Amino acid sequence: MTNLLASAEEIAARIPDGALLALPPEYAPCSMETIRALVRRGAKDLRLLGVPQFGIQAELLIGSGCVAEVETAAVTLGEQGLAPRFTEAVKQQKIRMRDTTCPAIHAALQASEKGVPFIPLRGLIGTDIAARRDDWHLGENPFGENDPIVYLPAIKPDVSLFHAAKADRNGNVWIGLRRELMVMAHASSAAFATVEEIVEYDLLDDPQTAAGTIPGLYVSGIAQAERGAWPLGVPHLYERDHDHMALYAEMAQTQDGFDAYVDKWVTRKAAAE
Amino acid sequence: MSGIRTEEVMIASIARMLDGLSHIAVGAASPIPGSAALLACQLSGGATRVSLLGRTSNPTFTDGARELFDCAAQGRIDAFFLSGVQIDGQANINLVSIGDPNKPKARFPGSFGSAYLYFVIPRVILFRQDHSPRALVPKVDFISAPGVSEPNVYRPGGPYALVTGRCVFDFDREAGRFVLRSLHPGHTLEEIKRETGFEFGLPDGDAVPETEPPSSEWLELIRGPVGDEIREVYPEFATRMFGKD
Amino acid sequence: MTNLLASAEEIAARIPDGALLALPPEYAPCSMETIRALVRRGAKDLRLLGVPQFGIQAELLIGSGCVAEVETAAVTLGEQGLAPRFTEAVKQQKIRMRDTTCPAIHAALQASEKGVPFIPLRGLIGTDIAARRDDWHLGENPFGENDPIVYLPAIKPDVSLFHAAKADRNGNVWIGLRRELMVMAHASSAAFATVEEIVEYDLLDDPQTAAGTIPGLYVSGIAQAERGAWPLGVPHLYERDHDHMALYAEMAQTQDGFDAYVDKWVTRKAAAE
Amino acid sequence: MSGIRTEEVMIASIARMLDGLSHIAVGAASPIPGSAALLACQLSGGATRVSLLGRTSNPTFTDGARELFDCAAQGRIDAFFLSGVQIDGQANINLVSIGDPNKPKARFPGSFGSAYLYFVIPRVILFRQDHSPRALVPKVDFISAPGVSEPNVYRPGGPYALVTGRCVFDFDREAGRFVLRSLHPGHTLEEIKRETGFEFGLPDGDAVPETEPPSSEWLELIRGPVGDEIREVYPEFATRMFGKD
């Protein structure tokens, strides 16, 4: 049964220190409200998995010292440029960085979804990504001849966390086209979502809606959080707040500036609510 | 119509390479190729399909973020675009770091899907507006995706051309090197040699041709419907190029 | 671009003799109208792939001599009992039978969808299914120790064929929850669908509908065929015609009875239309 | 309430094995276990989730036909049901053919998902109403799914019990054999020995217990809401058992 939680704070309390935490990119709704709650609760040693890439969600956690390790295909603020806290953390070796590539993350999550210990993937051979991943295995295609192929171990996150437009009281979460959120939920031991709205009907009752819905079977807990993806967007509901993102990008150039950002937009904003 | 921008020359150069293709995909941080792909779609009367990562309207894909990669692996994507903080003469690209990757002098976002798509999409067009010895290097510090592979490596795809702010190179997969195809208006061979950190071939014949600039008809499309469409994903680029919405 | 075809007949004309033809089970909408058109055009040497199992759709093709080989997890008429033409064809060795199991078919199609030459799958070891499949490979999990696992080669159908509630003029086909139809389309060289209705709007424009839609990119051709799944059903539109299925099950007990069924319900019915 | 049918005794026996489970899945051609699972759901006040293959209303799954198998592999399904045209004393099941599979004397539908689900679902309950030496054999002619596996084979799941029209067997995974648990009302140990083609163990103690028949409360549920629900997938079974809709 899905837990109906009162707030993002309660979700953050259920994400343990040290967890392997899977998060969507900036453009699939990200539960920024829970990210801020994780910063507020002083989460430690998180291992972040980008599905497949990161932006401000990883920035806030890295800059706040919540993160031990990052596996992702990229971290970027998009048109607002490089991710300054990530960049500095890598340069100063404050986090373990495991570079990868988008389809390798998707495939490794699909392996967990299917309950298989590994999945092969084309490409990758001859990259420095593969050269530096001693957890990947360069094997052979047993159905070919002299046909090398990379075997990726399954990735099973402890927790996946995301935001969505709506959920119902049975824990079903409507994600529409953001199907990677469904793979994340299937592949993870636990899945939590904040949502703009909790509806009073069952999302699985209507076949149109059901087709874009993660069943509550896979969802450990949901909490309502209006504009919970802000300053990122939710498709068809609200846009990414580019001005705020530019403000963040500017302030986060230094750790002091970042700390001032967190004080104003993460710590104090919550206290005022 | 005067005042053609470098970006518009690049957009036109890339669009020309996309003529007649069925399906073009555009990844992250690719406003110039994205505009070129949308221009190619306009020129084809809609016959060329464009899948623009990050666009919410007109979705091509309905199976989540993996579908771009699966679709490419199925052979259903004809062209794609990659850049690099470094690109070398063997068309290796680096999107990760400068110096020792364990303690880099500079760190960039990361490899995105390059380590895969460079292998499986037939026509990968490299682009980089900043054409300097800093960007076009003899050997990249980190191979996000290699330009060429051993013959036993499954690789239906690979580099096709490199479009910079100064010129267009073709990539010769047999020889594993770039060959200068054309100079953008106002640029010289000497300049290219000076500003390029890697060795490259020259075209047959006496002179290097000039890159054909976009016609006034093309410019109207770029500054009109293409600009409107690219704004959804790249608002800052669109504002810089075409003014406020 | 998707071809807008005039009839199931035109789809049948595009499915070549000898094709590896993937079909959904009785309960995901099956294009029975095209199956009947294949019988009418005298298709030969089809290799049928059940995704993952068959009923009357395979019966009609097998009984009519259109089939050389069948790969499927099962063939059954459900509550109407054993599939008589399939049973007789196996006993008389008229078709090559490749027994498999549902998840092996799904996984092998996913391998094609991902463009990988194989995919591992748990289970299977020690079954006579695996013992009789010399195209499967019993290998090791390279990330484990003494951990045997079966490697399945990817299955890439030449054609997948199904029925759906609706499509639009851009070739987008709405399949709702019948997601295996999407995997089939992704994995196949060509995909054809008959639909109850061709709508005048774009199914991808509405995010609710888009989530359950196969993009036209993967669809080679569509044709309208009202009640095109009959005597099978379409979820939420019409039910499987259990009485007709019982009639079929009775008539098909002998080849003569089957031929009479085909004469009445496949050949003559079309001529009368 | 009199006239308890054999099917109802089987439904009750199976439902008792499902008490307290979170998620039960029901595959093809399984009206008796399907009814048992729906009864268990009723008895749990809805806390037990039932995924019934072929049901259009109340879908559990939204990722297509593969999701049942993926979900099971993820460890999210606690119980499932399998039958066999033959079941042997090592709990091997045969859903394929009698005689040489290349030229069978009899051919049946096929193995469905058994060759997978038998391995990954913790509590697989075998069911077969027809309890005869023809069905319960010393050795199956074709192993659709094996009852036991070598110790190095990944196998979190396997056989838990066998419910027939005459009795209930437990399966002892350590010993790799069935042990008689209870006789349905009106059946005897001598009959079971005569009608069972494989060797089986006997329970400790003097006598074999009787299978507890369904209470009148349970019968009301089976013949009421359970019957209504099972009709959607198994109309002929529901009509035979409970009369016309």
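So that you can tell them apart, the chains are marked A, B, C and D in the order they are listed, and the count of residues begins at 1 in each.
Following the convention adopted for this analysis, a contact is a pair of C-beta atoms (placed from the backbone, for glycine too) under 8 Å apart; a residue touches a chain by one contact, two chains touch by 3 or more.
Just so it is clear, the structure is predicted and the values come from calculations on it, not from any experiment.
J.: Look at the interfaces C-D and A-D and say which one is made up of more C-beta pairs in contact.
T.: C-D
J.: So which pair out of A-D, C-D or B-C basically repeats A-B, with more than half the contacts the same?
T.: C-D
J.: Hey, how far is the Cα centre of chain B from the one of chain D, in Å?
T.: Chain B and chain D have C-alpha centres separated by 59 Å.
J.: Approximately how many whole Å separate the CA-defined centres of chain C and chain D?
T.: Chain centres of chain C and chain D, defined by C-alpha means, are spaced 28 Å apart.
J.: When the C-alpha atoms of chain B and chain C are each averaged to a single point, how far apart are the two points in Å?
T.: 41
J.: Among the residues of chain D, pick out those that touch two or more other chains and give their numbers.
T.: Within chain D, the residues that touch at least two other chains are 59, 61-63, 69, 73, 120.
J.: Return the residues of chain C touching two or more other chains; collapse runs of consecutive numbers into ranges.
T.: Residues 107, 110, 114-116, 121-122, 147, 149, 177, 179, 182, 210-212, 235-236 of chain C each touch two or more of the other chains.
J.: Please classify the inter-chain touch graph. Allowed labels: line, ring, star, complete, other.
T.: Contact map by chain: other.
J.: Which bits of chain B are touching chain A when the two form their complex?
T.: Going by the criterion above, the answer is residues 28-29, 54, 56, 59, 61-67, 69, 73, 95-97, 101-120, 142-146, 149-150, 152-154, 234-237.
J.: List the residues on chain C that touch chain A in their complex, please.
T.: 107, 110, 114-122, 137, 139, 141-144, 147, 149, 151, 153, 175-177, 179, 207-212, 235-236
J.: Of all residues in chain D, which touch chain A in the complex?
T.: Listed in rising order, the residues are 23, 47, 49, 58-63, 69-76, 120.
J.: Spell out the residues on chain C that touch chain D in their complex, using ranges where they run on.
T.: Touching chain D from chain C are residues 25, 27-28, 51-53, 72-76, 78-79, 82-83, 86-87, 90-91, 93, 99-104, 106-107, 110, 121-132, 146-149, 177-183, 235-236, 242.
J.: Mind listing the chain C positions that touch chain B in their complex?
T.: Checking each residue of chain C against chain B gives 1, 112-116, 182, 186-187, 204-205, 210-215, 217-218.
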